[in-house]
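First chain written, first letter: the chains are A, B, C and D, and each begins at residue 1.
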Amino acid sequence: MTTDLTRATADYAVRLGDDALILGHRLSEWCSNGPFLEEDLALTNVALDYIGRARMFLGYGAQLIGGDCTEDTLAYQRDCREFTNLLINELPRGDFAFTMARQYLLDEHALLFLEALQGSSDAELAAIATKAIKETRYHLRRSREWMLRLGDGTEESRRRLQQALEDIWGYLPELFAMDELERELLAAGIAVDREALEAPWRRAVSATFAETDVTLPADGWRVDGGRTGYHTEHLGHLLSELQFVQRAYPGCQW
Amino acid sequence: MTNDSSPNEQQLEAAFQARIDAEEKIEPKDWMPERYRKNLIRQISQHAHSEVIGMQPEGNWITRAPTLHRKAVLLAKVQDECGHGLYLYSATETLGITREELIEALHSGAAKYASIFNYPSLTWADIGAIGWLVDGAAIVNQVSLQRTSYGPYARGMVRICKEESFHQRQGYHIMMTLMQGSDEQRAMAQDAVNRFWWPSLMMFGPHDAESAHSAQSMTWKIKRQSNDELRQKFVDQSVEQAEVIGLTLPDPDLKWNEERGHYDFGEIDWDEFNRVISGSGPCNRQRIAHHVAAHEDGAWVREAIAAHEAKKQQRASKAA
Amino acid sequence: MTNDSSPNEQQLEAAFQARIDAEEKIEPKDWMPERYRKNLIRQISQHAHSEVIGMQPEGNWITRAPTLHRKAVLLAKVQDECGHGLYLYSATETLGITREELIEALHSGAAKYASIFNYPSLTWADIGAIGWLVDGAAIVNQVSLQRTSYGPYARGMVRICKEESFHQRQGYHIMMTLMQGSDEQRAMAQDAVNRFWWPSLMMFGPHDAESAHSAQSMTWKIKRQSNDELRQKFVDQSVEQAEVIGLTLPDPDLKWNEERGHYDFGEIDWDEFNRVISGSGPCNRQRIAHHVAAHEDGAWVREAIAAHEAKKQQRASKAA
Amino acid sequence: MTTDLTRATADYAVRLGDDALILGHRLSEWCSNGPFLEEDLALTNVALDYIGRARMFLGYGAQLIGGDCTEDTLAYQRDCREFTNLLINELPRGDFAFTMARQYLLDEHALLFLEALQGSSDAELAAIATKAIKETRYHLRRSREWMLRLGDGTEESRRRLQQALEDIWGYLPELFAMDELERELLAAGIAVDREALEAPWRRAVSATFAETDVTLPADGWRVDGGRTGYHTEHLGHLLSELQFVQRAYPGCQW
């Protein structure tokens, strides 16, 4: 790889790592807060899987960046404007309907994304995708089941799920948006073509909600900016928590 | 105690005790004395609640774990505890009580959980100390319970012990890393030990002489070793582990007793023990309030599942 | 526009306009055209809502202000804005509309607030940029409104202007301190300016030619200077302030025009302006959802006050 | 003053500063979250007053400690175990009933405490007390009025206020507890005799709630530890937020 392509691949890996880290963090906030113990276990399990992905992607990014960069310097020593996760991942966990609706919509996306990433010409990214895809299939089975349960359950669960979809909808276009970096890497056979995922994603999501009494929101408002570090106000608070120990005691081994 | 039992019941109880004495396992469908059942429900559910409430002090540091590796390990650990809780609730349910009843008893205060979880986790080192000392103490107890007389409980313990010893090593590793670190890190580790040492010793309960449930539990082999025996075992192993990494256990009376072949140690502050048990621990109210709040927040989710299942059945029976 | 007014109404309106032309202030009890009243309600309530919604991006940094001094100053500033909101709601209420109706209009989207508050405050430097640029732009507008034709509004502006200019100096001081600091701090300050400069220019609204309410508002002297005039004034003052502390305004077209005696500047991205106004700004939904949630959370408090007042009156009338 | 007494006075000033800082922080969390705008204004005003007190006490403590210690190094560079505020101040803000009940109980205490501190032989502490007492009288008038409103208002407000009192009660004994440091400073005429405040405090509080339908909880559980840095788990999260900027960008002027 050329130096430029290496640097671009590093940035790409860090993006995917940031996505996983921030979503994993939000999921981990459910620990001891789930609606029943089985669900505490399941949510912790998904959180753990995402932290694992974050380690693989950030670790690879750090390796490409070189020097004394590590998965931990990336996770703990960048401020809000340097994080490049998509905005949807940083939204506060909300109620259980919000968390599961986001998870379902992301799981459908992750499955398509990882399938495509398995074909990356970058062997390391392809290998990470292969490791992650098995868990994603499992997560998706679970989160899809929750859409059916909540969308078919009580009036309240239906109303909460509908509200969650309304609140999330405008953050979804970012999942399918390509910028210059990803276009360059796509041309090099490294990155996934996000735009190509939208149609199959819509089909899958529509099929799921067709089994419920919930209506998919119309496309309208949309917000993006995560890839350029233009975040919501929520991320800064998340980072103050995530990074506290490393910031308060710099330069230590843990 | 068996004066008011019918002759038939006396015979059954004698046969039951004979099976216990012969080291046979009692299984859910076997006859058992009502007090054995009650006692087991109390003990296993207390154990289950402890796993569940114990998620709180540890969960308190998941979002702040200092490296991604430590975060993943801590998440996995809390997930294990969650699993232990589920496993133990199931074991309790074999005795004819529902999960909802168990949770009610926890919320009302009728059921207890390990009092150690009424202490706060204030620094990252506390996660090390909890793993090393609290899980360490738990294992000593649980190893002994692998031979408990009730089958589902004994089998649960076998499974749980494997994972807990893993957790203890992880906690010890956190402490070791801190002790090899900066002055601030070493001070943080020592401070955590200073706060968690005595409460860990209290985990084994009152002295044998004062233990309300002990004698009967020993006869029924619900317990296999006394509180004081287990506590001594824990002290002996911990002293050596502390020395290796340079931690000082906060007990001036701690010293090797050649004659006993054990470490002598100071007297536990039973006033504190009783104070914490009876509700004035640093976090008692917080722990229960947190569990109640999560349970109440989740009510609509549980209702949604029930409604969905009912509708599904209805649809299925219509289709049939 | 007055075709459907009765002759009497036409006379009233002519007399009203004559008073306006004579620079007399209109007071709450004075006759006024319905559209003047509606227009004022729209404008003053939008101003009030802006003060209130503006508390959110600034409040976002109160708990994280980097020194106690800065924290106190920021708290005082937000408190002032809260006060301005109250003052302006009162001014609006003199036009015959209740606070509850105003809040409903905010929640339903019928009433607007300054679109600048749909941008997030992401770093501490944003608090500086908001004070310097956003309050700076607001003052330029408000100074002009001190001579607005509606008495309560004009008097409100006099009072508000004094405090806002204080806020602007504080914001500028934050930026200056950052620019004298580390590389990271300077970058943080520049980044904040890069993000807030254009939205600040948008605060003055569309170009005069496209401004829906402008012509009538100018005639009624609800507005005293046009959007473009005010925007130019703001640009001129900001360029010099930026230069003093070494900040670069993110506009390559910015340069002094000797002939006009003003700075030329680039074209505003009106697509962005319209996108944000119409709901796709970074924080639109968050801002309203936050206000709605606080309002709903507080419902029981408002009910308690009402009940208490009713009981008090009842007790008083019984005693009488 | 002897060196020991100076150091003890410094510690005392820092305690009082920590109390004010942490309570001020909790109050400031209400910004834009109040039940109506007047109350947003009022709560922000109380928060501001407490931050002002924190600056006076911590500034004085820093001056006595000397070196490069400042109000900001004290506020931003100590971790949880070094903070010495009383636990009641760090409890999460809860609902409006919790915040106002805590505030009322603390306002009654602060009035008595500051009246006594005005008589301190330490001129600086006495002067701070004189500055703070005027605002405290105002806060107390307001918070007392809220006890009457909530305690007499609706069934819900009464229930919430009662619950708040139950949740707070065990943190109150710490307000009246003397430790070695404060006893030594009391003997030197510097510190306030907290024990002497309890009886008049109870009279005032009982008189207020006698006008409502709320019942004062019985004494029972009690928790303390703030003065020795043995906090609740809430403080660490508060500090990660409070200290983020200073921790992330060390050694800067702001």
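Going forward, contacts are C-beta pairs under 8 Å (C-beta built on N, C-alpha and C of every residue); 3 or more make two chains touch, one makes a residue touch a chain.
Quick caveat, the model's predicted, so the values are computed rather than measured.
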Check your understanding: If we look at subunit A and subunit C, which chains touch each of them?
Key -> D
Review point. When the C-alpha atoms of subunit C and subunit D are each averaged to a single point, how far apart are the two points in Å?
Key: 35
Review point. Centre to centre, by mean C-alpha position, how many angstrom separate subunit B and subunit C?
Key: 58
Review point. In whole angstrom, what separates the CA-based centres of subunit A and subunit D?
Key: 41
Study note, to complete from the structure: Residue ranges of subunit A touching at least 2 other chains are 79, 236, 240-241, 244
Study note, to complete from the structure: Where subunit C touches two or more other chains simultaneously, the residues are 64
Review point. Which of line, ring, star, complete or other matches the graph of chains that touch?
Key: other
Review point. Which chain pairs here would you call touching?
Key: A-B, A-C, A-D, B-D, C-D
Check your understanding: Given the complex with subunit A, which residues does subunit B contribute to the contact?
Key -> 52, 55-56, 59, 62-72, 75-76, 78-79, 82-83, 85-86, 89, 124, 174, 177-178, 180-182, 184-185, 290-291, 294-295, 297-308, 311-312
Revision key, fill the gap. Listed in rising order, the residues of subunit D that touch subunit B in the complex are 79-81, 167, 170, 220-223, 225, 230-233, 235-236, 240
Check your understanding: Along subunit D, where are the residues that touch subunit A in the complex?
Key -> 79, 236-237, 239-241, 243-244, 247-248, 250
**Study point:** subunit B contact footprint on subunit A (complex, rising order)
**Key:** 21, 25, 28-29, 31-41, 44-45, 47-48, 51-52, 54-55, 58, 71-72, 75-76, 95-96, 148-150, 152-154, 156-157, 160, 241-242, 244-246, 249, 251-254
Revision key, fill the gap. Within their complex, subunit C touches subunit A through residues 57, 60, 64, 120-123, 191, 195, 279-286, 289
